[in-house]
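Alright, structures below, take your time with them.
The two complexes that follow have chain A in common; it is paired with chain B in the first and with chain C in the second.
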Partner chain A sequence: MAEASRLNLPAAPNTGAKPRTVGRAEPVLVVRAVIIVFILLFWEAIAQSGLLYRDVVPSLLAIGAAIVKLLSAPDYYWHLWVTASEVGAGLIVGGLSGLLIGLALGGNRVLSKAFEPYLYYLGPTPKIIFFPVMIMWFGVGPGSKIAMGAISCFFPIALSTAAGMRQIDKVLIRVGQSFRASAWQMATKIYLPAMRHPIINGVRLGLGVAIIGTLLAETKLSNQGVGFLIIQAYSLFDMPRMYAMLIVLFVLAIGANALVGRLGGLSAIRQL
Partner chain B sequence: MPSVATLPKSGAAGAQTAADAGILVVDGIVKQFDTPEGPLVAVDRVSLSVRPGEFLAVIGPSGCGKSTLFNVIGGLIDRYQGAVTVGGETVRGPHPAIGMVFQEESTFPWRTVIENVAFPLEIAGIARKERLEKAKRFIALVGLNGFENRYPAELSGGMRQRVAIARTLASEPKILLMDEPFASLDEQTRLLLGDKVLQIQQDLQQTTLLITHNITEAVQLADRILVMTYRPGRVKRMVEIDLPRPRSSDVVSSEAFGRYVAEIWSDLREEATRGMQDEESRTLHAGAAS
Partner chain C sequence: MNAAALTRSRIFPLALGLGALAAAILAVEALIRIGVINRFIVPLPSQIALAFERVIVEEDIAGRFRLTLFEAFTAGAMITVVGVSVGLLLFRINILRQATETWVAALASAPTVLMYPLFLVIFGRSAWTIIMMGFVAGVPPVILKTIEGLTGTRRVLINVGKSFNLTGPQLFAKILFPAALPTIFVGIRLGLIFTLINVVGVEFLINFGGLGQLINDLAERYDLPGTYAAISFVILVSVCFFVLTEWIERWLRPVD
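So, the complex of A and B:
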C-alpha cells in the first residue's frame, strides 16, 4: 500500500467482494444533485451578470444548444471513433505490457528491487514530454497517439499488478499447492482471481490516463479526433461548442470508467 | 495404499522404533529459518511414525514449530534435513494421500461456499455436476446446509473455518493434517464438529494428525499425543491414550481421563513457562539495545 500512496493511487478496495449497501446510495445522490444544480445556477448567474465576457462564460442555453448541434452532426461521431479507437488500442498495448511487466516484478524480488523504483519515478512524470519522440518513431498519424495512450496507462497497470501479486495471501497459494494444482490451474484459479481488485483498479486508472494522454497528443498535433476538434473550437473562439465537447467527453469518460468497474465486479462474482 | 493398512491398530508405546509399520514416517526432521537475528531452528530432530488409521494429536507451546512440521509433512516447505515417507514413498512436494487444513483463514473469497468445497474436485478434473453434489454432502457434514451459495465474506470466522475443513475432507485424503481447525469455534460447535470429524475418521479409517492447544480435546480425540518442547521444537513426550472408544461423557469424567489431562498439562506448563521467560528476556534485551 505504501507504493500506491506514493503515486496517489487510491488504495485497492478490500478483498471482501461485497457490493455497497443500496440504502446508503440515496443521500449521496441527493447531495450530488444539489451540488450540480448549485454549480449550474452559479454558472448561469455569472453568464447573465456579464461580469466576465459573455463568450467566455456562455449561458446554459447556448451550451445546451451547442450539445444538441454537436450530437446531431455525423462528423463528430467519426472524430469520436478515431479517439476511442486510439484510446482502446493504447489501453490494449499498454495494459498487456503493463500486466506482463507487473507479473514479472511482483513475482521476482530481484527484478522488483532493480526496476520498480524507475517505474515510480517515471509514473507521475507528464508523458507529454515523450510526444516529440513518439512523433519521430510513429509519425504524426494515429500511431503516435496510440503510443501516448499506451505509455500513459502502462505505469499504473504495471505498478498495481506488481503490488497486487505481492499482496496475495500466501496461505491461498499453499492451499492450491497442497491440492496439487498445475501451474496453469494456479494461475487461472488462484493468482488471477486473487489479484482481480488491484488489476481492475490499475485498468481503471490506466483508462483515465490513456484518455488524457491521447487527447493531449491530439490537441498538440493532429487533424482528427476529439482533441483536435476541441482545439479547433478554441482557436475559432466557439466557446459554446468547446464546452459542449468537454461535457460530452466528461460523460463518456465516466461511462467508460463505470463500465470497467462493472466488468470487474462481474468477474469477481463469477468464478474464473 | 500398500499393505501397511492391515497392521494391528493397537501398537507399542515406543512407535518410533517400529518405523516400518507407519503409513506416515517422519525421520529426523530439522528445519531452520534464516531470520534477521540469525538462524532459527524451528523443528529439531523430530521423528515419529503414525500408524494407519491412527488419530495423533500434536500439542505444544505457541511458536514451537507445530505448523512448520505440518508444512514439511505436507510437502510445502523444502530445504530441511531428514525425510518424510508416506506408505514407504519419500515425500517431495505435496503428496496425493495428504490433505491439509491450515491454521490461517484459507477460504477463497471469490468463490461461494460450494465452489470452495468443490475446489479440490475441480483440480482433480471431476465433472461439474458430480463435484457439486459431492461438495454438498461435505457442506452438510460440517453443518452449513443452506449456505452453499454464500461468499466467505458473508460468513462468520468459525463458519469459514468449517468451509475449509469441508474442502479438505472433500478431497478424501488418506492422511488428514489439521492445524488448529477448531480454534475459532465456540465450545459447543467445537465439540459437535470434533465428534463429526472423529466419526468420519473412524468410518473411513482416515489417519489424522491434529494440532490443538486444547488438552481435553486432545485426550478426548486422540490415540496418541505428541507433546513438543518450546523452541527448538523437539519431541518432549509421546503419550499413548489408553481409553476405550467411543469416548462418551462417562469416559471424559473418569479418573483416568483426568490423569492424562493433568500429566500433559504439567509437561506443557514447563514448556510454556520456558517460552514466556525466553520471550521476556528477548524483549528486555531488545529494550536495552535501543
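So, the complex of A and C:
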C-alpha cells in the first residue's frame, strides 16, 4: 500500500519519465500491449463462458457502460466531493500534526530516541481497528472519517519529516547561523526548503493511506461518500457498477498521488 | 548529566519514553475520574487493564489469535511461493520484467484493500476472502524484492561461479539464490506486514474471523473497556510480529 515507499519499496512508476532508448522501449511496449490484450480477451472469454456466476465477471462492454453511466451521474460527483473533503481535512489535521511531531523528533536526539520507536512500531498496525473508537469520539458522521484519514496519514508524515530533518546538510544550518538568522528565518529559509523532498514524499504516502483509511471507514459505516457507494453496489449485487467505481477510484488515487508530487516539484528536485 | 551525555545515554531516552507513556495513562485516568473526560466515551485505563483478563478468558482470544495467525500465514505462504516464483520468472525473462515491473510497483502502492467487497462476492464471507485480500496486498513487495535481490548479485560472485564452469541451475542454486536471499526476505517481511494489516483489517470490516472480528463484536456490544483492550492486544501482536520479522531480517543480512 502507500506505506510501501517508507518501507523502501520501489516508487510507483513515473509516467513522465522518458524511455532510455527508443530501440529498447519498442519491444517492451509491444509486450505490454500483448499482455493487456491477452488479459482483456481472457476476461471477456470468462464473462461469456458462464463458468463463473453471472455478473461476478461482467463483460467489458457492461463495465465500460457502467463507467460512462457513473461518470455522467451528478450524484456520483457529490459523493466524490464528500470523500475528497474528508480526505483533505484528514490530510490537513494528520499532516500538520505529523509535521510538528516530525520536526520535534528530528530536531532533538533524545526525543527521537525516546518516542520515535513508538511511531515506528505503531505505523504498520492496521489503523481501521481504531474506527470504533473514532465513532465514539467523533460520531458516525464525517468527523470519524476525517479522524481515520488523519490517524492514517500521521505516521508516514511524522516519520518522513523526522528522517528528513536529520538528513539536512549541517553546512546549510551553519550558513544560516553565520547570517544570524532568527528561528523563523531558519525554519522558512533553511529547514523547510532543505526538507522539501522528504516532506513531499511523506505527504504522498500520507495521502495514499488517508484515502484508504477514509474509504474503508465509509464502507464500514456511512451514508455518503465513494466508500458508501462501493458497499451499496455490493449490497445490490451491481457488479458492473462496483468494478466501474473501483477502476475510477484507482485512477483517481494514482492521479492524486502524481499531482501531489508534481505540485511539490518532486521531479524538479530529482533533477538537481 | 549534560545534554551530550543525555543524547548518548541508552537508558535515559527509554526511561523518558516509558515514563511519558505512564504519565499520559495516569493523566487520562485522573481526567476521567474528575469528569473532564466522559467515561462513557473513554473508559478508565484501570478498567481496560482489568478487561484484558475477561477478554482473554471469555472471548477465546487464543482461538481467535490462532485463526488470524492461520489466515496470515496461509496468505504468507502464498505470497512467498507466488512472489518468489514470479520474481524468478521476471528475472529470467528480461523483456517481461521491463514490461511489467512498473505495473507491479504500481500495484504495491494501489489501494487494493478497497477491493474487499469484490472478493466478498467472489469468495463469500469466508476465511478465503480474508486470505486472498492478504495475498493481493502482500505479493507485490515479494516480487519486487526478489527481482532486486537477483539482479543485485555482485558480478564477482557470478564470475567465480562461471570460472568453476557451473551450469545455469548450479549457478542459480549456489550463487544467485543464496546471494539474493537476504533481499528476498526483506520482501517477504514487507509482504507479511501488509498481509497482517489487511487480514486484521478485513476481519474487522466483514465481521468474520479472529482478532479483527473480536474488536467489531465488542464495539457493537458497547463493551468499551473490552474494545480498548482488544485494540491494545492487536497493536501488541502487530508490534511483536514487526519486531520478530525485523530481527530475522537482521540475522539474515550479510555482514559488511
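We take it that the second predicted complex is superposed on the first by the 224 of 272 C-alpha atoms of A that agree within 3 Å, B and C clash if a C-alpha of one lies under 4 Å from a C-alpha of the other, contacts with A are read in each partner's own complex, and residues count from 1 in each chain.
Here is the rule we use: contacts are C-beta pairs under 8 Å (C-beta built on N, C-alpha and C of every residue); 3 or more make two chains touch, one makes a residue touch a chain.
Computed from a prediction, not measured in an experiment: that's the story for all the values here.
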| item | value |
| --- | --- |
| First (chain B), second (chain C), both or neither touched by A:194 | first |
| First, second, both or neither for A:100, with chain B first and chain C second | neither |
| Chain B versus chain C as contact partner of A:239, first or second or both or neither | second |
| First, second, both or neither for A:177, with chain B first and chain C second | first |
| First, second, both or neither for A:56, with chain B first and chain C second | second |
| First (chain B), second (chain C), both or neither touched by A:249 | second |
| Comparison of chain B and chain C by chain A residues contacted | C |
| Those residues of chain A which chain B touches in one complex and chain C touches in the other | none |
| Chain A - residues contacting chain B, complex | 15-18, 169, 171-172, 174-181, 185, 189-190, 193-194, 196, 268-269, 271-272 |
| List of chain B residues in touch with chain A within their complex | 71, 74-76, 93-94, 96, 98-100, 102, 104-106, 108-112, 115, 119-120, 122-123, 151, 153-154, 171 |
| Residues on chain A engaged by chain C in the complex (per definition of touch) | 1-5, 7-13, 24, 27-28, 31-32, 35, 56, 109-115, 117-118, 121-122, 124-126, 128-133, 135-137, 208, 211-212, 215-216, 219-220, 227, 230-231, 233-234, 237, 239, 242-243, 246, 249-250, 253-254, 257 |
| Chain A-touching residues of chain C, taken from the complex the two chains share | 6-7, 12-14, 16-17, 20-21, 41-42, 95-96, 98-103, 105-106, 108-118, 120-122, 137, 140-141, 144-145, 148, 186, 190, 193-194, 196-198, 200-201, 204-205, 212, 215-216, 218-219, 224, 227-228, 231, 234-235, 238-239, 242-243 |
